[in-house]
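Two complexes follow with chain A in common, the first pairing it with chain B and the second with chain C.
Showing the complex of A and B:
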């Protein structure tokens, strides 16, 4: 493309780069409040138990302790859809569940007080497996969820969420579809290793009450508005002022500060002082948001040419001990299934399952990664029988311009103006797919004990245009522009990208664009950095606001120049007539010292423009040891228009992090089935990819100028992890010559499949 | 809570000395709120007592590298070191890399900016300090040396590729400068 942009698409460092590399960027643990107390949590050693008795007197008597809370003396706040999560409960549902809370003058005193609380537990039978949990005889976690299934999706009853989230794809007639099929296959695939997105910075929050229903929260989050979603949706508080610090990684997880928010809010209320809770890494690994467990029992009908005729299945999504977001993630997953797989007949039902595991929740890929990872291997059986190249299968079956789908709101949407086939083809060429693909369950190369194989998968998401966004842009007498939008910095560089868009609209130097801090009192309403919506949704709002402000400025300037506004233009903080640019005057001459021009911009929900990313991967399997090495990854996508190439490069390489690609081979939270403890709750035992183990990583990013906003761009950071596990599983299956249906593919599973070791499964 | 002072038969207050970013800090050892307790890690002292919050606490168990600082030329995990063991040591944190007079960034910091070698930025100070120590120690650095030196650093956004490029780039420039001499 030959757009003559000053900032868009240019390799210009992030505006906050200097702050980051000098250590001046203030992350959550770097801020302090006067008079602040530290909150700590006593956690359950049992996966399922009732508190029989609890004695907090010794803890209360410890000097420096300001409050001790148990289920007996907490505020009556309950959250979740439907509401089922109180601040504290007499019933404990996972190892690590909160038993009691302490607020004290120092961390050391709070920790000492926790040790002084005496508790007698009545242990109950626990359940961890999804299929076991939904049996009638399984131990029940809650009264509201018979057989441990959250009752069918409920509408939230608030603006933008008035429809019941999609939880059952019912289209056409699957019986008819199976009759039309040449190939019918069925199978079960589990993606239930419940890995941890594990941002480097643990979660934390500070809550300070200003009045009975008025609080301020400081947190490291990617979406400061969610503190208000929590309270206004579930509780009767009027307004929470939410301020985000720099966020040291989130990958979805730090949207969900629900429990920790309630705990800090309750302690702050009890003490009438600001209370900070900052998890230790052990708490982060044991008691904070994990990726949901997913299992699909599915049946596929397909014609020989790869046309899908029927998709039927039960999708079990395991959330562990509670499900604050209920069906929202399943709704998006159900939508994303249709984006990748055009089919006339569907009967696919999602079930939200509760078990005695650490709660799962929002993680990058939001339902889609879980769904894709468990559905693709079942589809692979049909593709293998039809002998279809998966790259051709995806190109044929993904949603194109004019195709429709039910999205998360249960409504039908039609795809507009997007075509990703070129990106997929170019990706395949760059990867050497045609040369490397030898057919299903066939290795690419064999040398001694080492076999290589290739795999490919596809993911797309229409949430890039989800929910509303509002922004102001103020043109100041100084020639600066101030952008007001409630956007935090959690690694995506979105604050910077939005500033670049505004600088481009106004044609002013980037350093003249300032953005207000992510504070909900200062900025208009905005839903948050989720679903890759920053580029399209937030982008549209700030561009519209900048255009509006620019229009006001030029109208006022036109009066001064005694001409029509359409004859006026502005650049570098000057206004001038288009045909006489040499007679320019600074904004100040138009505004005077006490006037600014404030533009407003809004984005309204648009589910018609999905993004897509295809991941190609090549792996090497040592059939003697079962060890898998990921040799190469290639991401192919179309960004419409690249805004910030440096940030985009990082986001795409993010495929390897945040419980992404390595959930296929090594990342999992291993639970001891005897006692429900996570055995991988430190950063040595929890496996992660190091600098010494980097595969070759390439990308193909096209810029096809999509019909989104002025800069024709679409976001895609969120989806870079989602296709990776299925692509790796396919590659390993091909290398080994056996179709796998279970993640992660640890060496024991490889060797068992090859008949080289006997004995029971490791889980 | 015990309030007995450290073992000191003369009841004199023991003072240790840390040099941080070129500045000497005499620190009293004891159990009072303003003193360095025997249980304090160097990380705690750097962040909470001295206020150099650029150094990050990731795991607090020596497994993630976020707390890396340079002590007498060596990159160390400040969460695994007790402050009272560091008497007389000279420590450089991320705040100490900028030239104090000119305010110029260290070439390594500039290279991280130019390559966009960070995303969330939480692991960045630790990675920069470890890279700085590596460059200071070795002149001919290959990519695999950088990967090896940084293999204890946990980055979850996956900026590894850009980090390696940034470090490689600066070593080339450094070598060029020395070749010119």
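Showing the complex of A and C:
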């Protein structure tokens, strides 16, 4: 689409591109500092156990070891809402749970010391399955969570969090809704392969104490404020200065550095030296954030024309051994269910369930991918009975201007200015949906042993406007603009996009826009790059700050030009009267050498602008071997005004990674059913798609001008993975002619569905 | 990784002497693509004290066609060299195909054929990283059973010939060599010995002693016109080890199968020659019914564990594919 902007919507190389490709950019492992120690963790061999005795003397006596910590000698910090994760615990709740911590001069010494710690364990019975875990007789992980369910979160009582987060959608009367239905269907679907989002760079953190209540943390994160404000809340508002390094990918997961922060902070405190913890790939695979497991027992009432009359269900979200932020994912997921499905009667309860495996946490899609993946197959039963084309169903039921919903804050919001039906239509046309869709459980083509099928699913999220952002923009005597906002670079290119917005407001060359480093001491408060909020929320803040600074400059300039401010304009570092642009003056003449103009901008929470992503896919199933090939993916969306076309395409193609599309066919963390170990502990066994094998990928991106900020844009980076598993599952079900209800669809499951393997189920 | 001594040797004798001196506490390194992973994950209870680098030994990187009807391949020949060798392409394309299915381009550029044959098993219980709660008890390592895969998740484990251990031979080259009647020459302190590829692997490892080194790999040069094929089933095209693989060598006389050699990979601790299936094929016309019968015969002895019965179906499919004209 053509526009009159200088930077917005143009394909311009990223400001940081050279720095990254030449190796100049400093990533986490490049950070070294004098006196830094290396922290390592002794990890539990049992899925559930108590430490009976622990002897650290040999480890402490090893030369080069500076501290050994166990549950007996740690600071009394606890993280999570409600607080339930101490630095170390006597009770161990997953294979890989932290038993003890060592800080030493080198990694080799720390690793050797770990092996010298002697521990006796009292093994306890473990539980892995969600439905098993909530039975009264199941082994209990915590006292605070009876039947392994985290109690519903309470209102925090602070600004923005006045009400309890949404965990139960209760609207209308489902009994009445079922009576009105032509079709009632019921089913259970599990999306519980707990895949690992697996950014290329493992997580890491360095903590250095500056005083008893004052620390600096360096981490690779997408949201430096999480290491700052959120962690600080758990530590009785200890002053934490958070500095983000370049981050080699996060996909949500590196927001969850709470635990590892506590480990590094405790070791740094004990040694009074900076301590670095940097996970190995095996730790990253086996002991860091997994996607939550999801299971829905659901019941749907629908009319023949696809009108939903009732949605009832229990949504179990499995978090493994702890759930510091689980309640928020449930809340957002409940909101997202309503965006996708317009229905007058709801009774849908979400529960946060704990089991004995590596904890889950924040992963791209934030509850939404898990919810959609387990809800869509149940909805498919109803759509099949009504013989409704899913694309038509989605067009009918997805939220649009004027539709209301309860969001994560339990408040009612009404969608303003969005209508995505055209994007759905255009996507369907580009994909050839009408030609390829042969009806429910019918293959698109059959040739020899190969059958193809198509599927479609969607996702949308109103978190693009969640929480607050603050920014400053300083106009400097040199003609440069300095943007101050606490935004890190985790691969999405958002720092660059924000600079482009400021350059556009001020009409100055992009190279004249500088951004302060992501350091919480330097920048105002900002919630972070989560929920696709960078474009709208952070964008609004920097645009407002730039506008404010520009206004101050023009007001001052107006005095000099002896005119009113509204007659003044600025471009390329010059100020001039609109009707006499030839008599221009550099900013320097207005500021003088010792004055700058600092504008302030703030974004206030807005839950009325849901974004949207639809994924069409075509798969091929070999009915002799059970192998699935994803042939084609098409993403259809409306981004509003595109800010950075290449960054946007990159984000959309991200649906092939970050525990996205392949969680439908091969990506999973396989848990040993007897001992609770994660067996997929290397990159051969963990089935991660390689770049050598990418399917055909197209996109249809509309550019409606949305009522957001000056540039009419909306963010959607986060959501591109979320519809993919359900779309693939639908496509495979159609190719094979059987409706599937769990993931991933391995050859074993396909061959069983086709009756080629007899005997006990593999699960 | 833990510290170890690193020796670079210039001759086989020097290598053997060092291996003997270290009495099992040393490891040979060539391409290193397997060994480095083993050391990094600390999967073995006995960490090597020394690593013996054999890359500098002259003469172990040749591919030659002997007068005795055998192809001679040095153990330091890289998989990349096998794929690019005009001689192998012409006489033994099956070997080149097998080499090409291994890992990725980057790995094939450094990985050697000797290393491919001698690489450690991939069973995920055996490979479990020690730093995440400790190793599994395993007959191959701590000499303690039972094999954790039997009651665990055994989707990639053996469906035939498991004796205590249910790991499968990870080498694709070994499967190809199995139908080419491959012979491995080993040199140790007592001199040289030869061993057929099918006898090289034992239920708990290989026949190789800790002070022995592979000095040559010999392969039959199949007759002109014999049909050769190698099929490998994986979830991902690059990087994955075989879930199942099938190598075949079929000699025809007109429309009749005169001789057939069929080997299965990914099903047992060694490549398995499907002798009954070969017998089924001999003297018959390879039509669909016959190849199906051969596939059934090949898998007759399969005893799948709880989660790997699907391998039987995949193996049958690959056999049929490799035998049909």
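The criterion applied here is as follows: the second predicted complex is superposed on the first by the 755 of 763 C-alpha atoms of A that agree within 3 Å, B and C clash if a C-alpha of one lies under 4 Å from a C-alpha of the other, contacts with A are read in each partner's own complex, and residues count from 1 in each chain.
One rule holds for everything that comes next: a residue touches a chain if its C-beta (ideal position, glycine included) is under 8 Å from a C-beta of that chain, and two chains touch if they have at least 3 such contacts.
Values in this document were obtained by computation on a predicted structure and should not be read as measured data.
Engineer: So, A:682: does it touch chain B (first), chain C (second), both, or neither?
Structural biologist: A:682 contacts both chain B and chain C.
Engineer: Output check: A:690 vs chain B and chain C. Expected answer is one of first, second, both, neither. What do you get?
Structural biologist: Touch status of A:690: both partners.
Engineer: Quick one: classify A:625 as touching chain B (first), chain C (second), both or neither.
Structural biologist: A:625 contacts chain C only, not chain B.
Engineer: Touching A:747, do we find chain B (first), chain C (second), both, or neither?
Structural biologist: After superposing on A, A:747 lies in contact with chain C but is clear of chain B.
Engineer: Between chain B and chain C, whom does A:654 touch in the aligned arrangement: first, second, both, or neither?
Structural biologist: It touches chain B, and chain C stays clear.
Engineer: One more residue to check, A:674. First (chain B), second (chain C), both or neither?
Structural biologist: In the superposition, A:674 contacts chain C only.
Engineer: Just chain B (first), just chain C (second), both, or neither: which does A:349 touch?
Structural biologist: neither
Engineer: I'd like to know which partner A:280 touches here: chain B for first, chain C for second, both or neither.
Structural biologist: both
Engineer: Shared contact residues on chain A, chain B side and chain C side combined as an intersection?
Structural biologist: On chain A, the residues that contact chain B in one structure and chain C in the other are 108, 112, 280, 682-684, 690, 692.
Engineer: Can you tell me which positions in chain C touch chain A when the two form their complex?
Structural biologist: Residue positions touching the partner: 2-3, 37, 41, 104, 122, 124-125, 127-129, 131-134, 136, 148, 151-153, 155, 233, 235-241, 243, 306-310, 313-314, 317.
Engineer: So in the complex, the part of chain B that touches chain A is made up of which residues?
Structural biologist: 1, 47, 52-61, 63-64, 66, 93-95, 97-98, 105, 109, 112-116, 118-125, 128, 144, 146-148, 150-164
Engineer: Residues of chain A touching chain C in their complex?
Structural biologist: For chain A paired with chain C, touching residues are 43-46, 95-96, 108, 111-112, 114, 280, 282-283, 286-287, 449, 624-627, 666, 670-675, 677-685, 687, 689-690, 692-693, 746-748, 751-752, 756-757, 759-760, 762.
Engineer: Flag every residue of chain A that touches chain B in the complex, lowest number first.
Structural biologist: 11, 13-14, 17-18, 20-27, 29-30, 62-64, 108-109, 112, 197-202, 246-251, 280-281, 489-493, 646-647, 649-651, 653-658, 682-684, 688, 690-692, 694, 697
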